[in-house]
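Each structure below is given as structure tokens.
Each of the next two complexes has subunit A plus one other chain: subunit B in the first, subunit C in the second.
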Partner chain A sequence: MLEATGLMVFYENMLALNNVSLQCGDNEIVGVFGANSAGKSTLMYTLSGIMEDIRKKEDMAGGERITVLGRIRYLGEDITNLKPSSRARKGIVLCPERRRIFSESTVMENLRIGAYLATPAQTRETLDYVFKVFPALQTLRKRIGGFLSGGEQQMLAIARALMAQPRLLLLDEPLMGLSPLIQAMLVRATSEIRREKSISIIVTEQYARPVLPIVDYAFILENGAAVLEGGREELLSNPDVRSAYFGV
Partner chain B sequence: MEILIYGLINSVNLALIALGFALVYGISRLPNFAHGALYVVSGFITWTFLRRLELNYLLSIVLALVIVGIVGALIYRFVLIRVRGMAISEIIASYAIGLAILEGFRWCGFKGLTYTLPVFVPGSVLIFGIPVDYHRMLVVGIGAAIVAFLWFFTHYTRIGLALRGMAQDERAALMLGIDSDLMAVVAMAFGSALAGLAAVLLLPLGNIVVEAGYNILVLAISVCIVGGLGSWMGAVLAAFLIGFAQILTVVYLGAHYQMVVALLAIILTLIVRPSGLFGRQKELEERV
Partner chain C sequence: MGTEQEQRRKERLDRGIKVRSDGLYALMSWRELSYLTVPRMVLIVGFLILPLIMPSMYWERVISIVCIYALLAISFDFMAHFLGLVSLGGAFFIGVGGYISAVLNHSLGLPPLVSIAVSTIVGALICTLVLLPCLPLRGVYFAIVTLMYPLFLARLIEALNILGGTDGIMGLDSFPGRWIEQYFMILMVLGFLFGMRRLVNTDLGLVLRAVKDNDQAVRASGMSITFYKAIAVFIASAMGCLGGACLVHIYMWAGISLFALDFSILPIAATVIGGSGTLVGPLLGCLILVPISELLRAFGTLRIVFYSLILVGFIVLRSEGLMVYGQRKYHQFERWVRV
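Right after this comes the complex of A and B.
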């Protein structure tokens, strides 16, 4: 489905992503794990094309010089130079770090803004679906986004991303700062979404443990480089990984 | 009573003037300093269609609005998009365009008091003993209709919702497939057409003069700053505040202090509450 080869991202002379290659197959969940500043968000921004937008804006304002190297192929097509809105149109939708809810709009409006790319029929169907996966949202429909709790905002962010009819959903640190109970619920929902919507998901996290049970394949980033990769079992049995990322 | 009626009319006029500016700023963070110029341009275009080409009045207005909308979109697409996100450059570029347009008109000989548009409905009526012309009443009605339309548009249509999404978090909107450059062009076209609409509604009450462009710009900015930049509900409220304040000054101090009120309002707001009445996300941020 998605294949990125040799991704390198520089902020001025600082290397944020170092020759990262990553694949995600059809209907797979791929995990990307790494500490703070390992390059997880940079990777997600690069895959979703937001990096292109950031680069363009920095360039225009004469700010930081950002260089992106490498190729990204998606559904057999080279999308390296596409702008983020075209990538979203093709089905790559990013649910960003820190959620970025439209904080002055209600839950319902957030969802309807998310449905910008969807047809009216798709909108109706997906609305029913997200209320099924996250029943809590149904009761919060009229609430202003900014007044929701962290867990509710995260549900809303995922639901909003689903409204854009993704085929490849990028979840950037969906569990950050949430209670273990909510984390478990979100992980369950993620695997449910993969199964029922038959989409592919790439998920990043700092701690692998809560997400690992549902990923098919995972990468471990360290200082911008993918130092390890493998299937779930393979990583679980690796003693280095166990001590560093699972807190065993 | 006089104060109440004329305060209301003046407030609606101010709201009409400021809405286009507020809309563009709210959506693409662009302080459109060419706003006043677009206002005057619409007046002259309508005048040309009506007086020179002798078209139907309504048709001239519609054509003028469409043309001004397109002009606004073109200005954005070919000039302002290059300085996107740099506030100072945006102000300088848009103000330069506005100056070029206004002084261009003056240079071409559009000056003096010969350029007038007819009122929509002539005549006036006495309300509680105060004469109010039909045209002014019509403007109030249309102004209210526009506010209602904008509210509906931004809450219930796909483009309107996308515009609001972009206004709140451009990057998040991008992730959902909303093309921010396209939306900014759309917003600018809308904002320009709104400036045009204000022009065709208000200009029949006076002459089309180049200087109006500068006054309109100052009024629009003061209303938007008092209301809180980016919030157009705030702008509507601020329009009422300044509108009534102006009428009170006219009644108790004298007509030529009107402009001072607007400028004083800017200064006071910046001292007392820099984010304006409805500064964006102020309360939300304090909560977090």
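Right after this comes the complex of A and C.
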């Protein structure tokens, strides 16, 4: 479905992504694991095209020069130079790190903004679906986004991304700063979404253990380079990986 | 897929001499010393010989006006980029400083240099006091309040017919001589410029920059942001009041045109063009904009059209500002490298 080859991202002279290649098949959940500053968010920004936007703004303001190299193919089409908005139209939707919900809008408004690309029928349908997956949101519909708890905000962020009718959902650290209980709930919801909506999901996380049960294939990033990849069992049997990312 | 075309990127590196001269102890050669001092000396010496090479009385006056706008622009840049307060109050500072100096000179008969000094301090105190209520706030409130005060004061003077009313206060003393006038202005601008550059790197400057970044964190560290903002506003408004006080003595007249919006807008434009956050940039912007606006007088009302076009062009094409661009070119070089 998505195939990125030789991605390299420079922030000025700092190499943030070093020759990363990554594939994500249809209806697959791909995990990307790595420590802080390993390049997870950079990867997500590059795949979703936000990096193009950041690059342009930095350029205008005379800030850092960002260089992006490599190719991204999506559904047999080269999308390397597409704007983030066109990528979203094609179904690549990013659910950004730290949620980035519209904190002064209500939950319902957040979802409606997310549904900008959807037809009214899709909106109604997805709204019902979102409230089925995250029943908590239903009761919070009128609440202002900024007043939600961390877990609720994360549910809202995922729900908002779903409203945009993704075919490939990019979840950037969806479990950050949440309690184990909420984490487990979100992981269950993610796997449900994949099954019922039959979409592909790429999820990044620092700590692999909570996400691992639902991941089909995983990549491990270290200092910007993909040092290891493989299926779930394959990674679990690697002793280095076990101690570093799975805590077992 | 897999097309192995040569991949290149443009690399930006600090010049060796910059890296060497960054540390104070590394200043070993004249080359390194001059690398640091030449840009500063060009500015200082250039400014000092400016009055000597001006062709006419008219352009000599322009220098003084440039200096007044430069004071305002530096004060705007300081508040906007080191304190996080967007001030539209150039006219307010000019007006307060100007009227105080005019009254001191006209009613009490103080000589210009004394009345300028007194009105700078007193004016800055007054400005700080009346702006105090909106200092604890973030957001647009400071901008709105500073925009409203000059309008308010101008109408007040007009309606109550105080301080000369619409005619203004006429017959003020001028500077003792044109050389004193110009060099006084130039030394003030240079002094404030380098003083402010020093100030923003002291502990006080550090706190102010922290206030801009996150005022809650500063509060949590046990500091009163209102107190620190008040100090900074005092300094910034002192610069504005100084400009205003000099202005009335240059024109030997104080009127409600001291509260004109030009004094608020032009410094902002100069900051944008010169490069915000550099403190030198605004000065450079004034050196460009004020003479241009004088040259464009020939076009009458079309002046504003050209002026706006220049501004928009700058924002679209070089939104970083001249000084930021120049500093980068001076300190860094670029080359293509293969990846």
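Here is the rule we use: the second predicted complex is superposed on the first by the 248 of 248 C-alpha atoms of A that agree within 3 Å, B and C clash if a C-alpha of one lies under 4 Å from a C-alpha of the other, contacts with A are read in each partner's own complex, and residues count from 1 in each chain.
One rule holds in what follows: contacts are C-beta pairs under 8 Å (C-beta built on N, C-alpha and C of every residue); 3 or more make two chains touch, one makes a residue touch a chain.
This is a predicted model, so every value here is computed, not measured.
For the composite obtained by overlaying on subunit A, subunit B and subunit C cannot both be accommodated without a clash. After overlaying the two complexes on the shared chain, residue contacts for A:M8 are found with subunit C alone; subunit B is out of touch. In the overlay built on the shared chain, the residue A:R232 is in contact with neither subunit B nor subunit C.
By the touch criterion defined above, A:R71 lies against subunit C but remains apart from subunit B after alignment on the C-alpha atoms of chain A. In the superposed pair of complexes, A:S48 makes contact with subunit B only, with no contact to subunit C. Judged by the touch definition given at the top, the superposed model places A:S105 against subunit B, while subunit C stays out of reach. The partner that reaches more residues of subunit A, of the two candidates subunit B and subunit C, is B.
Once the two complexes are laid over each other on the shared chain, residue contacts for A:A61 go to subunit B and to subunit C alike. In the superposition on chain A, A:R209 makes contact with neither subunit B nor subunit C. Remark: of the candidate stretches 93-101, 129-137, 165-173 or 183-191 in subunit B, the one overlapping subunit C after superposition on chain A is 93-101. Overlap of the subunit B and subunit C contact sets on subunit A: residues 60-61.
Those residues of subunit A whose C-beta lies close enough to touch subunit C in the complex are 5, 8, 10, 12-13, 60-63, 65, 67, 69, 71, 73. The touching residues of subunit B, when paired with subunit A in their complex, are 82-86, 155, 158, 161-162, 164-165, 168-169, 171-180, 280-281, 284, 287-288. Residues 1-2, 7, 9-13, 319-321, 324-325, 328, 339 of subunit C are the ones touching subunit A in the complex. Residues 48, 50, 53, 57, 60-61, 83-85, 88-89, 93-96, 100-105, 109, 112-117, 146-147, 160-161, 163-164 of subunit A touch subunit B in their complex.
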